[in-house]
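The letters A, B, C and D name the chains in turn, as written, and every chain counts its residues from 1.
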Amino acid sequence: MNFDFTEEQTMIMDGISRYVREEYDFDVRRIIKDSNDGYSKEVWRRFSELGWLSIPFDEVYGGFGGNPDDLASVMIELGKGAIIEPYVASIVLFGALINESSNESLKKEIIPKIINGDYKGSFAYIEEQSRFEITDIKTSATKCNGGYTLRGQKLAVIDADKSDGFIVSARTDSSQFSTDGISLFLVEPEAQGVSLSNYKTMDGHSASVITFEDTFVSDENLICAVGNGYSHIKSVMPQILLALCSEALGIMETLNKLTVEYSKTRTQFGSPIGSFQALQHRMVDNFMAYEQAKSMVYRGLCEANNYSSGSIDLDEFTRVAHAVKALVAKSSKQIGDESIQIHGGIGMTDELNIGHLVKRLMMINVEFGDGDFHQKCFGQN
Amino acid sequence: MDTNFSKDDIAFRDEVRKFFDDEFDSTLAKNLGDGHGDNYKESIIAWQKKLYKKGWIAPNWPKEFGGTGWTDTQKFIYESERGLAGVPDVLPFGLKMVGPVIYTFGTQEQKDRFLPKILSSDHWWCQGYSEPGAGSDLASLTTSADYAGANYLVNGRKIWTSLAQYADWIFCLVRTSKGARKQEGISFLLIDMSSPGITVKPIITIDGRHSLNEVLFENVSVPVENLIGEQDKGWTYAKALLAHERTNMAEVADSKRMLTELKDKASKSIGGGRCLADDQVFQKQVSDVELDLMALEYTELRALASIAEKGMPGPESSLLKIKGTEISQQLHELHLKVAAHHGGAVALTEERYDEIQVGSDARNRYLYGRAATIYGGSNEVQRNVIAKAVLGL
Amino acid sequence: MNFDFTEEQTMIMDGISRYVREEYDFDVRRIIKDSNDGYSKEVWRRFSELGWLSIPFDEVYGGFGGNPDDLASVMIELGKGAIIEPYVASIVLFGALINESSNESLKKEIIPKIINGDYKGSFAYIEEQSRFEITDIKTSATKCNGGYTLRGQKLAVIDADKSDGFIVSARTDSSQFSTDGISLFLVEPEAQGVSLSNYKTMDGHSASVITFEDTFVSDENLICAVGNGYSHIKSVMPQILLALCSEALGIMETLNKLTVEYSKTRTQFGSPIGSFQALQHRMVDNFMAYEQAKSMVYRGLCEANNYSSGSIDLDEFTRVAHAVKALVAKSSKQIGDESIQIHGGIGMTDELNIGHLVKRLMMINVEFGDGDFHQKCFGQN
Amino acid sequence: MDTNFSKDDIAFRDEVRKFFDDEFDSTLAKNLGDGHGDNYKESIIAWQKKLYKKGWIAPNWPKEFGGTGWTDTQKFIYESERGLAGVPDVLPFGLKMVGPVIYTFGTQEQKDRFLPKILSSDHWWCQGYSEPGAGSDLASLTTSADYAGANYLVNGRKIWTSLAQYADWIFCLVRTSKGARKQEGISFLLIDMSSPGITVKPIITIDGRHSLNEVLFENVSVPVENLIGEQDKGWTYAKALLAHERTNMAEVADSKRMLTELKDKASKSIGGGRCLADDQVFQKQVSDVELDLMALEYTELRALASIAEKGMPGPESSLLKIKGTEISQQLHELHLKVAAHHGGAVALTEERYDEIQVGSDARNRYLYGRAATIYGGSNEVQRNVIAKAVLGL
């Protein structure tokens, strides 16, 4: 039984922590957030140099070959720093989908570029009507000579405006909700008939509505076998959820820390507000919410290892991942709300980091299904 | 026990409904929105002037000062219809806060000078209470007003001042002397916002918008005739106002409107003819709030009836602010839940993505709505007050 | 707009309150509870003399002709006193069903006896499989010469062992869940084929499993027209729910009062525990839960008057009654749990009244459908 | 991060499973029930003697005193299997409370005298801590022990003493002197329950059953060799024990068992092929608890790992008691929800109404279970402790 990060992981975590402290403080973050690009090319270059872009990728393509623990260690620290570089879109989502791809030539071409910082990607899977159902796809991919013609629209594609390629889910067969007949394509933003409408999101990232009007995609851009899209997504979903929840964990730790600290210094009625029992008990509840979230993420990571070693199957791993996302959503909501409330007026200001951390938690909550969605998936099985 | 409407009540309801129908047009609705539109100031004044013209601007004021003289049932009907029609409440600072203080504690001269312009919305008021070091613990405020001949010289810093950027006047709690208890030595002062020495600095909130401000006073000269009541006794007037304010914070009509909108949104089909409103867990979450709101509506009615009968609200009124704000936050949360991914959107430009815009608005309201349990006496302070004043703890 | 009880109602309330104080204190209650009969014939006689058994019945049968407000005023006070006489079974349930009966001769015979204290009744409608669905009936009533033959079993029939008659729901037609084909019969415990298995319930009342083995019931014992049982039950359901919730309101008021009082006298760490802010805030929450429950019951009573005057229909009245029961269940649970918790060890003892009040609240909660059930009914419409 | 079982672990799990299968028969299961059966005393002793014979009676004791020497993983496996098999935990008073105090702070003579009989269950212990005036505020206890030659004379009254009616020995906190702080001057004393002057009075709880007692001491003579450690230093030993006790209160294995039983019950058809387990709202209520329990299981594992590695539990352990008891109460509530009407039944006699009996049991457990958040340091006191010790507030 072991709940420690390895020495190597701890070194990575210390590295990110130091980087945030020395090069990515809250003022730097604000400047990057408000910049035209919405991220920093320079920071991304540094991430590449420091090896953080290589974590989840297989060693044969020059990656670090990391397991979910490795990725979690990175995500926790990125969460603490409220980093807004497109790490989730490019490395966690796009990265997982491409790393598990069966298209060797595509992997050989793209993964090294990602690791070098020369390629960023995103995953376009949400549609107007789909809410959180990844099988609810109307976008169609019709076979044509040497490839497919894409028609449809994807919504809320995170950091698409920074991307060199999108993985797009589309129907090559079967009807709207079927798990069959879904295929995944790599599409470039420059391709004919692709248009983006971009907007900022509350956490300093961006999102896009992407429309495909008779966009041609070649057979070589298939991420997995035709019709296998659903099982491809399903196979990487648990690890994606764990990575997102690890980021949330880092944020919650920071929020609790800042709130307890603030309560010790903010004086009202002649005493630090942290001396009032009603607030103390609520901060204890927040502490418990964090520790429970941490235990649940660790449980997910342990099960990830059990899954790698073959002791449990994908369904069991997925069920735990649902549980992790659902519990982390609850803790996030509680800690987010209470961090603002206990800070009082100052917690409502754009100037303080509290609100920004809370907004990132809120975005993580809806990413790949909100807490209610995952709890329902969990509870039905 | 009854809340039956009489024939007259029903006629009144129809009149109110018609008035809102006729006068609160879609442009107004759009500009007033949730208090952050571009033409917000002009629009709210235009709307309030319509109410003023109709004689309905101050239902809670005594008739002699310009109130409507409505029965409780009429007030209830008016509020219900206002909520149903999606009409925002009037700005509280003049009409619900300083107005009652002036007609209760002010001199005849002050009444003559200020009340008409409050009613006509020619004066935009804001509230100068909180300070950086005096939030929940309001009485520890330090903004000073030193008596110097016919004037006070005011120095200090007020914070969280809503809509001060538009204000003509500010009512302030200031320290005029040091009493044995910190509640002593506080005075209630009306200050012209155009006085030299006043600086208004915007505070951007977590929804990215500007409605709060810091107001700085540097040697601001305020004539003594702007003092309400006695010097050093301002806390008494402020307390009376706070109790008044609290019963105005249930916002039942607005929450009912939000609930209706929520159900409408949730009934909209998502994929494959499904809709969120069919989801039993979502239904439960909605009905949790709806039940509480149904009860709160009657808690408010009980408070109104109690005021009408006994001249003061009963213990039931003390929970209006706590429950009212908690309910509205829960409704914000459910709206955001419906919005799903679209709750993330900021700064949308293209008109065609209506749903995304709706999600974005829901998020802004959710975020700004976090303040409801903080301002007007935080809900923690309200609980302290109930524990002491109602439960005798 | 009026939220006061009338002078007459206030007099009744004062009367019950005085009676409880002077003749039905907690020790008397304990003796009655532990007696063989499980209630006091003498007390029941006094209830009759004081007119409390006549409240809901029509004046033509010698009743008080009370409306839901009148009954509520009685129930609130009975609740405060934790009275365990079979008032709910006989007057609230059986009483409502018989008072609204279309069987004039039965009403003329029985109602005066109830008012005189010579007849008690109960309502047998729950079956093994039915949970809270009143249409889920397997008990059959087969037409025979001059009447019906009853076969089946009813469970959890409250205070049946004290009753002179049961109103029994049975199927004369249609299948298990249909709202059609349900009929209501008055059956005497002495009738052939009726057997009771009695047990105590946690609130000091009793309940029975009643088995009908080819029990003959004459046509004259039909409570309403054949097949009309469901609409008959439905028509009295809202007023029954309001009466039960009024009793709960009285109990909650008492619990909150006792808990706040106790917190002022119980000293720990050198101070009354009521001086600790965390407990204060929780007692404030309990106060709010009570006030909200009170508002909701009052809302129900106002709607009852609107229903009587024809301003709303039965469906609207029923929807509000669902809401009242659902909200009262929440407040009851919160106040019950917290009353024990804040009392600490002493709150766990059989000796103190707290636990007994809580147990009555728990019984009220499941009577005629629990909070979840009613909230679901409410939420679906 | 891993919790993978080794081959040896799996062999161990199979051994434990087989042992429970073979030895914990249905008669034992029935008699032990929830600690209130008729043959409870004989049955629990018989069962504990089986564990003793197997060498598994004290997994948490050091090996030298009779512990098992298991790894954390083995302890976890043992507990999990115990929960799965529905085997009740051993009585805590001897094995988890006074035993560790004796082997940590006792003299060699005390160890020799008491530990073997604790392990063999020949001594039934109970805990004399709380007093009428000293509940959450335990240190304000007043039961006195006056030194008189070779004996202490004990006078006072202990309350909420679980199962004292069966006990051979009681370990008590008593006041031997008045210190400057109330925590000073307390001593830790072992008292033979057969001593003259001890009276045990039953306390019937709200579930109508008898497991709690008052224990009165009137001039009870206790030999000085029954004092643990130094006189007046008892608080230190008690505190060590309390920390130990807290980590034993998560009761994850038992809650897991309750959860499984809950799901089984809810899957039973009610009318027309419906079952409660299909109800989405009920599913949500169950999964709310299940999620928390899944997390708590790992919180406990993290605490175990932390103890193994650093010799002491980390901050995560402090929530075990609070969360553990809250979860078990929620499970009691859901069981009662399933029972519906049948939760009301008391004193059932006829065997054929199984469901009613199940409902009755659920209700008893619910009611008695309310105590879980009160005893062992109320959850309010636990929150105070965490606020101070962990958050530094």
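Miscellaneous remarks
Keep this in mind: a contact is a pair of C-beta atoms (placed from the backbone, for glycine too) under 8 Å apart; a residue touches a chain by one contact, two chains touch by 3 or more.
Since we're looking at a predicted model, the values are computed, not measured.
Across B-C and B-D, the chain pair carrying more C-beta contacts is B-C. Farthest from chain D, judged by the mean position of CA atoms in each chain, is B. Centre-to-centre separation of chain B and chain D, using mean CA positions: 52 Å. Centre to centre, using the average C-alpha position, chain A and chain D are separated by 42 Å.
Those residues of chain A in touch with two or more other chains are numbered 276-278, 280-281, 376. Of all residues in chain D, those that touch two or more other chains are 280-281, 284, 380, 383. Across the interface of their complex, chain D is touched by residues 126-133, 136, 155-156, 176-177, 197, 199-203, 207, 209, 267-270, 273, 276, 278-279, 337, 340-341, 344-345, 347-351, 355-356, 358-359, 362-363, 366, 370, 372, 376 of chain C. Contact residues on chain C toward chain B in their complex (touch as defined above): 1-5, 69, 260, 263-264, 274-275, 277, 280-281, 283-285, 287-288, 291-296, 298-299, 301-302, 305-306, 309, 311, 320, 323, 326-327, 330, 375-376, 378-380.
Residue ranges of chain D in contact with chain B, taken from their complex: 279-281, 284. Chain D contributes residues 1-4, 71-73, 76, 280, 283-284, 286-288, 290-292, 294-299, 301-302, 304-306, 308-309, 315-316, 319, 322-323, 380, 383-384, 386-387, 390-393 to its touches with chain A in the complex.
Against chain A, the residues of chain C that register as touching in their complex are 276-278, 280-281.
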